[in-house]
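Please find the structures below.
Both complexes below contain chain A, partnered by chain B and then by chain C.
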Partner chain A sequence: MRLLYNFLKDMRLSSKSFYFYLEIGFTVIIIAVLLFVVPENFENNLSIYLHLDVDDALYGEIMGTLGDNSTDEITIVDSREALEEAMSENRSSVGLSIYRENNQTVYNFVLQGYEEEKFKNIIKTTVETAFANEMFGDTDNITVITLNQGVEKLSDRINMIPIILTMNVSFMGLFIIASYIFLDKEEGTIRALAVTPNRMWEYLLGKMGVLLVSGIISGFLLMAIMVGSKANYLHFSVLLITTSLFGSALGLFVSSFFDTMTKAMGWLFMIIIIFALAATSYFSPSFSPMIIKFLPSYPIMFAFREVLLNNPDINYIYMTALGFGVATIVLFIAANYRFRKTLTI
Partner chain B sequence: MITVKNLYHSYTKDDRYAVKNVTFEIEKGEVFGFLGPSGAGKSTTQGILTGLLQLQQGEVNVVGYDMRKPSREMFNKIGVSFEQSNVYNKLSALENLEFYKKLFDVPTLDPMFLLKIAGLDHVANKKTSEFSKGMKHRLTFVRSMLNNPEAWFLDEPTTGLDPAIASQIKDIIKEKNQAGTTVFLSTHNMYVADELCHRVAFIIDGEIKLVDSPRNLKLQYGEKLVGVEYKLGDELKKESFSLIDEMDRLKLNDIINNGNIELMHTKEATLEEIFIKVTGRGLQYNETSI
Partner chain C sequence: MLRRILSVMSRDFKSGIRDFMVVYILIAPFLLAFILRALIPSVSSTTINIAVLETMDQDMISYLESYSYVETFSNRDQIIDRIGKTDDIYGLIRTDTGYEVINQGNEAGEGIELIKYIVNARGNETTQLPVIVKVSDIGWQLSPLKQYGANFLIVFGSVFGSMIILLSIVEEKMSNTLSAINVAPIAKFEFVIGKGLLGFIIPVIGTIGTLIILGFTQINFGMTILTVLCISLISVVIGFSIGVVSTEPIGAIAGMKMIFLPIMASVFGGIFLADKWQFLLYWSPFYWAFRSIDSIILQTANWNGILLNSFFIIILTSFVFFLLKNRIKHGLN
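And now, the complex of A and B:
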C-alpha cells in the first residue's frame, strides 16, 4: 500500500517536473525526424575493392560477370598495396585479389580483421559461388556453407527503432532516476521519509514505477506511429518493461555510489556513451568485437529487433527479458542495501 | 524512554569524532534539552537517535528499540522535526501532510487541524514553493506531530521564526508534553532551553559537559545579583550587588538603611552565563530568535 502511495506521490511530483517529459519529448522529436528526415532506406552497401592480376581473357570474363551486379559498389584497384590502402580508408569494405599462381586461379580475400566468423563465411561463400561456379565450373575445393537462418531485412527506418528504444527508453532512465533521487536528497525530503515507517525499497520502487510509466508511454508512442499493428505487442511489452526497469535499477545502483548529482553525472554519462557503442555493431555487424557484445545494450537492441521481425526469435526475446529481469532484481537489491546506509547522511 | 550510553560518531570513520562518549537518559514525559553552540554535535546526536545516521559505537535505545538494528515499526512512535525544513516544494501544504499521513500504521492527526495549529490553514492548498522560510519550517514542525509521537525530536524548533510564532511553537511543545509526549530538543538558544526543558545537557565539541535542570544549574552556578538604582545626594547611581559576596551584602544593607532607593530588582544568572562558566565558551548564536 505504501508503495502505491509512494508511486502516486512520485507520479504527481514528476508530472510537474521537466524530467518526466524529457524522454517522451525526445521520443516525439525522434519520431518526427524518422518520419520527415530519414529516408525509408538509405544506401549503405558494402564496398568491394578488387585487384586483378590475370590474363586479358579472364579479366574480361570477370568484368563481364560483375557488370550485372549493380547493388554492390565494386572498385578496381591497380595493385595489392592500393587495395589495402583503399580498405584502410573505408572500414566497411572488403577486398578481393585474384591472381594466377602455379597455373591456378587464386582467390585471396582481404578482410578488415574485426569481421565475425559468420560474416567472413557469407562473403567467402558469396564471392566464391559467384566467381568460381559461374565462370570456371571448378568447384572441387570450394565449400559452400549454408547459414542457419534466412536473414530477414527491415527497412532502414524501422531498423533504427531498436536503437531508439534501447537508448531512449531503457537507458535514458539512468539519468532521470538519478535526477529524481538527488532532487529529493537536495530538498531533504528523503530524510523526512526516512523517519516514517516507509521503507527504502518502497521509495526506490516508487521511483522506478514512474520511470516505467514514461518508458511505456514513449515506447508505445514510437511503436504505434512507426510500426503500427505489425509488431507483436506482447513480446514488445515484456521486453520494454524488463529493460526499462533494468535501466532505472542500474541508474539507482550507480547513483548509490555518489552523494550529489554532479558527481554521479560524469559516470552516468560515460556509461550511456559506452552503451551507445553497441549501435555500431548493430548497424554494421561486421564490427562486433567481444567487448561490445558484453554491453547490456547489445542484446537489448537485437531483442527489440526481433520483436519487429515477421518471424521473431521468441526464445531470444524472452531469454533477454528474463536475463534483464534477473539483473534488475540483483541491482535493485544492491542499490537498496547501499542507499539504506548512505542516502540520509 | 531514551537511553544513550557511550555514544561515539565520526563522519569520517576515524578518530575525528563529531560526538564523543555521550551518555544520557530521558524519562518518559520529560523535555530534555541539548544546549550547545554551532557544531557541537546536537544534530549528529539527533541523527543517530532517529536512525538517519548509522549507529557506529555505543548503545542507543529509543522507545524500546535498539538502534543497532532499528525496526521500521519504531517510526510509528517517534516524530522528527528538522533544523532545515524539508517539504515537497511541488506539492501544497495539505498534499504534503496527506502523503505523510498515509505512511503510518497508527492513527494520525487530521492534516487540516495541524495546518490550523501552524497558522497555515489559509494557505493549505498553496504550493509550498511559494512559502516563506518560516512557513516551511512550521509545516515541517507540524508534520512531525502527525502520528502523535511518544518521543518527539525537535532540532532547533524555533530558530529563524519571528517571536510571535516562536512563542506559539513553544506553547504547542508545552501542551504536547503535558499530554505525555517525551521531547528531545536541540537548541543553541538558552531561553528556549530554559523555558521548555526539565533538564538540559551542555554539549560542546561533541561532549556532554553536564546534565541538570535549569533551576539546579542556576542555584548551583548562578550568583544571585540584586540591581539597585539609588540617589546619593543629587546623583542617581546604578549598581549590582552579589548576594553571596560579604562586602556586597554589607553595602546593600547600607543603601537599604539610608532609604534612597529608586528601583531594585533581582537578577539571576542566565543559562548562557552558566554555560560560559562551565565550558569556557559562549553559545555564539547568530540567528536572532526567541
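And now, the complex of A and C:
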C-alpha cells in the first residue's frame, strides 16, 4: 500500500515536471525523423572504378555483362593511374583493371589495402570458381538447408527501432533515476523519508515505477505509430518492462557510489556510450566480438528485433526478459543495501 | 576583462575538479578511444563465419580458415544451436554426396554463394583457367571502423564541454548564485564567455587525445582544431539555452539528450546514406563537422574545403543562436 502511495505521489509530481513531457516530445521527434527523413531502405551500392585495356570485342563483351547484371555504380577510367587516383578520392570504393598479359586476360581486383587477407582470398577464389563454372559447368554438390524457411527481413527503417527502444527507452532510467534521487537528496526530501514509515526499497521502487511509466508511454507511442498492429504487444510489454527496470536498477546501483549528480553523470554517460557500441554488431552480425556480446544492450537489441518479426523466437525474448529480470533484482538489492547506508547521511 | 573571464572559467574548473565532473569528462574521450582501439583489430572487412564438426578433415579446416573464421563443434545439434544465435554464422558439414551448408535464413549478404564457391574451388584447384585473377591494393591501411569511429568520437565529444556549462549553470541556479552576477563587478558577456570557455577547451583536448591514441599523428591539427572549435560553438549555445531554463538536473539531462539525436543522425547518415540523400542532413552543423573531420582523417582536406564547411557550421549556429538569444538572455536574468 505504501509502495503504491509512493508511486502515485511520484507520478503526480513527475506529471507536473518539464522533463516528463520532454521525454515524450523526444520520442515524437524520433518518430518524425523515422517517417520523414529516414528512407524505407538504404541503397548500399558499391562504387567501382573500371579500367579496361583490352581489344574491342572483349571490351564490348565485358560492358554488356556489366550493363546487364550490375546494380553498382561503375565509373570507367582511362588508365590504371586514374583508377588509383579515383580510389584514393573515394575510400569506400574498389577498382577492377582488366588487361591482356602473355596472351591471357588478367582480372586485377584493386582494393584499398585495409582489407583482410581472408577477404582477398574470397574475391580471388569466387571469381576463379565463377569462371570455371562458366566454362566447365557447375559441379555443385552442395545442399543448402535453411533452418527458418521464409524468414522475414525487416526494412532498414523498422530495423532501427530496436536500437531506439534499447537506448532511449530501456536505458532511459539509467540517467534519469540518478537525477531524481540526488534532487531529493539536495532538497532534503530524503531526510524527511527517514522519519516516515517508508522503507528505502519502497522509495527506490517508487522512482523506478515512474521511469517505467515514462518508458512504457514512449515505447508504445513509437511502436504504435511505426509498427502498428504487426508487433506482438504481449512479448513487447514483457521485454520493455524487464529491460526498463533493469536500466533503472543499473542507474541506481551506479549512482549509489556517488554523492552528487555531477559526480555520477560522467560514469553514467560513459556507460551509455559503451552500451551504444552494440549497435555495430546489430547492423553487421558477422562482426560480433565477445566484448560486445557481453554488453547488456546486445541481447536487448536482438530481443526487440524478434518482437517485430512475424514469427518471433519466443524462447529468446523470454529468456532475455528472464535474465534481465533476475539481474534487476540483484542490482536492486545491491543498490538498496548501499543507499540504506549512504543516502540519508 | 580577460582576468575576469579567466576567473569565471577557473572557478568552474575548480568546482568541476572538486566533484570530479571535469576529470570524468576529460577522461571520457580518452577511455572511449582506447576501447575503440581495442576493438579495431577484431574487426574484419566482409568475411564469413563457418561452424564445422571436429571430425572434419584437418586440411579442409585449414583451407576454410584461409577464407573465414571457423568454429568447431562435436555434433550437428551443437552446430544448429550455434547458427540459431544472433550473429551470422553458417554450418558446413560433410555428407556422403558432398557438403551440406546450413543457414538460419536471416543472414545478411551472400554468404551461402560464397561458401559454395570456396568449397567448389577446392575441387577445381588443378583446373587451368584461360584468365588470371589477381587481387592487389593501393596501400591504404585505415579501416572504416577506425575512420568513422574516430570521427564519431570527435563530433560526439564536442558536447562534453557543453555538459559542464549546462550543469554548472543549473547548479548556480539551484544555489541562487546566478542572480549574484547582476551585482558583481563583471559584465554579463564576460560571464558568458568565461562560462563558455571550458566548452571549447575540453573538446579540443579530447579531440587531440583521441586522434593521438588512434594513431592519427600525421593529420593537419590546425584544420582539426578549427573544426572542433566551430562545432563546440553550437554545443555551447545549446548548453547555455538548456541550462538557463532548467531549474534542476533532470530537465537539463533530458534536454541534453535532445542534442544526441542530430549528432547521431548526422554521423550515421553521413556514413550510410547514399550521396543523393546526403542533402537531407545539410541543416545539421554536426553533419558539416563530420564531413570536415572525415576529410582531415583521410588526409584529403584542404583549407578551402574546411573553411567552407566551418562557414556552414557558423551560419547554422548563428541561426540557432538567433532563435535562442532571448531565451538565454532572459534565463541569465
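Quick note on the criterion: the second predicted complex is superposed on the first by the 236 of 345 C-alpha atoms of A that agree within 3 Å, B and C clash if a C-alpha of one lies under 4 Å from a C-alpha of the other, contacts with A are read in each partner's own complex, and residues count from 1 in each chain.
Definition applied: contacts are C-beta pairs under 8 Å (C-beta built on N, C-alpha and C of every residue); 3 or more make two chains touch, one makes a residue touch a chain.
These numbers were taken from a predicted model, which means no experiment stands behind them.
Engineer: Looking at A:89 after the superposition, I want to know if it touches chain B, chain C, both of them or none. Which is it: first, second, both, neither?
Structural biologist: Second partner only, chain C.
Engineer: Of the two partner chains, chain B (first) and chain C (second), which one does A:79 touch, if any: first, second, both, or neither?
Structural biologist: neither
Engineer: By the touch definition at the top of the document, which applies to A:65: first (chain B), second (chain C), both, or neither?
Structural biologist: The answer is neither, since A:65 touches no partner chain.
Engineer: Contact-wise, after the overlay, does A:267 reach chain B, chain C, both or neither (first, second, both, neither)?
Structural biologist: Only chain C is touched by A:267; chain B is not.
Engineer: After superposition on the shared chain, which partner residues are touched by A:196: those of chain B (first), chain C (second), both, or neither?
Structural biologist: A:196 sits against chain B, while chain C stays out of touch.
Engineer: Applying the document's definition of touching, compare chain B and chain C: which contacts more of chain A?
Structural biologist: For chain A, the partner with the higher number of touched residues is C.
Engineer: Is A:5 in contact with chain B, with chain C, with both, or with neither (first, second, both, neither)?
Structural biologist: A:5: touches chain B, not chain C.
Engineer: Does the superposition put A:155 against chain B (first), chain C (second), both, or neither?
Structural biologist: Once the two structures are laid over each other on A, A:155 reaches no partner at all.
Engineer: What is the shared patch of chain A, the residues that chain B and chain C both contact?
Structural biologist: In chain A, residues 17 are touched by chain B and also by chain C.
Engineer: Give every residue of chain C touching chain A within the complex, in rising order.
Structural biologist: On the chain C side, the touching residues are 16, 19-21, 23-25, 27-28, 31-32, 35, 38-39, 42-49, 66-69, 80, 83-84, 86-89, 95, 97-109, 111-121, 123-124, 127, 129-145, 147, 156, 163, 167, 171, 174, 246, 248-251, 253-255, 257-258, 261, 265, 272-274, 277, 280, 298, 300.
Engineer: For the complex, which residues does chain B have touching chain A?
Structural biologist: 11, 50-54, 72-73, 75-76, 78-80, 82, 84-91, 95, 99-100, 102-105, 140, 143, 147
Engineer: Flag every residue of chain A that touches chain C in the complex, lowest number first.
Structural biologist: Those residues of chain A that touch chain C are 17-19, 22-23, 26, 29-30, 33, 37, 39, 42-45, 84, 87-89, 91-92, 95, 101, 104-133, 135-136, 139-153, 168, 175-176, 179-180, 182-183, 186, 260-263, 265-267, 269-270, 273-274, 277, 280-281, 284-289, 291-293, 298-299, 302, 313, 316.
Engineer: Can you list the chain A residues touching chain B in their complex?
Structural biologist: Residue positions touching the partner: 1-2, 5, 9, 12-13, 16-17, 187-189, 191-199, 341, 344-345.
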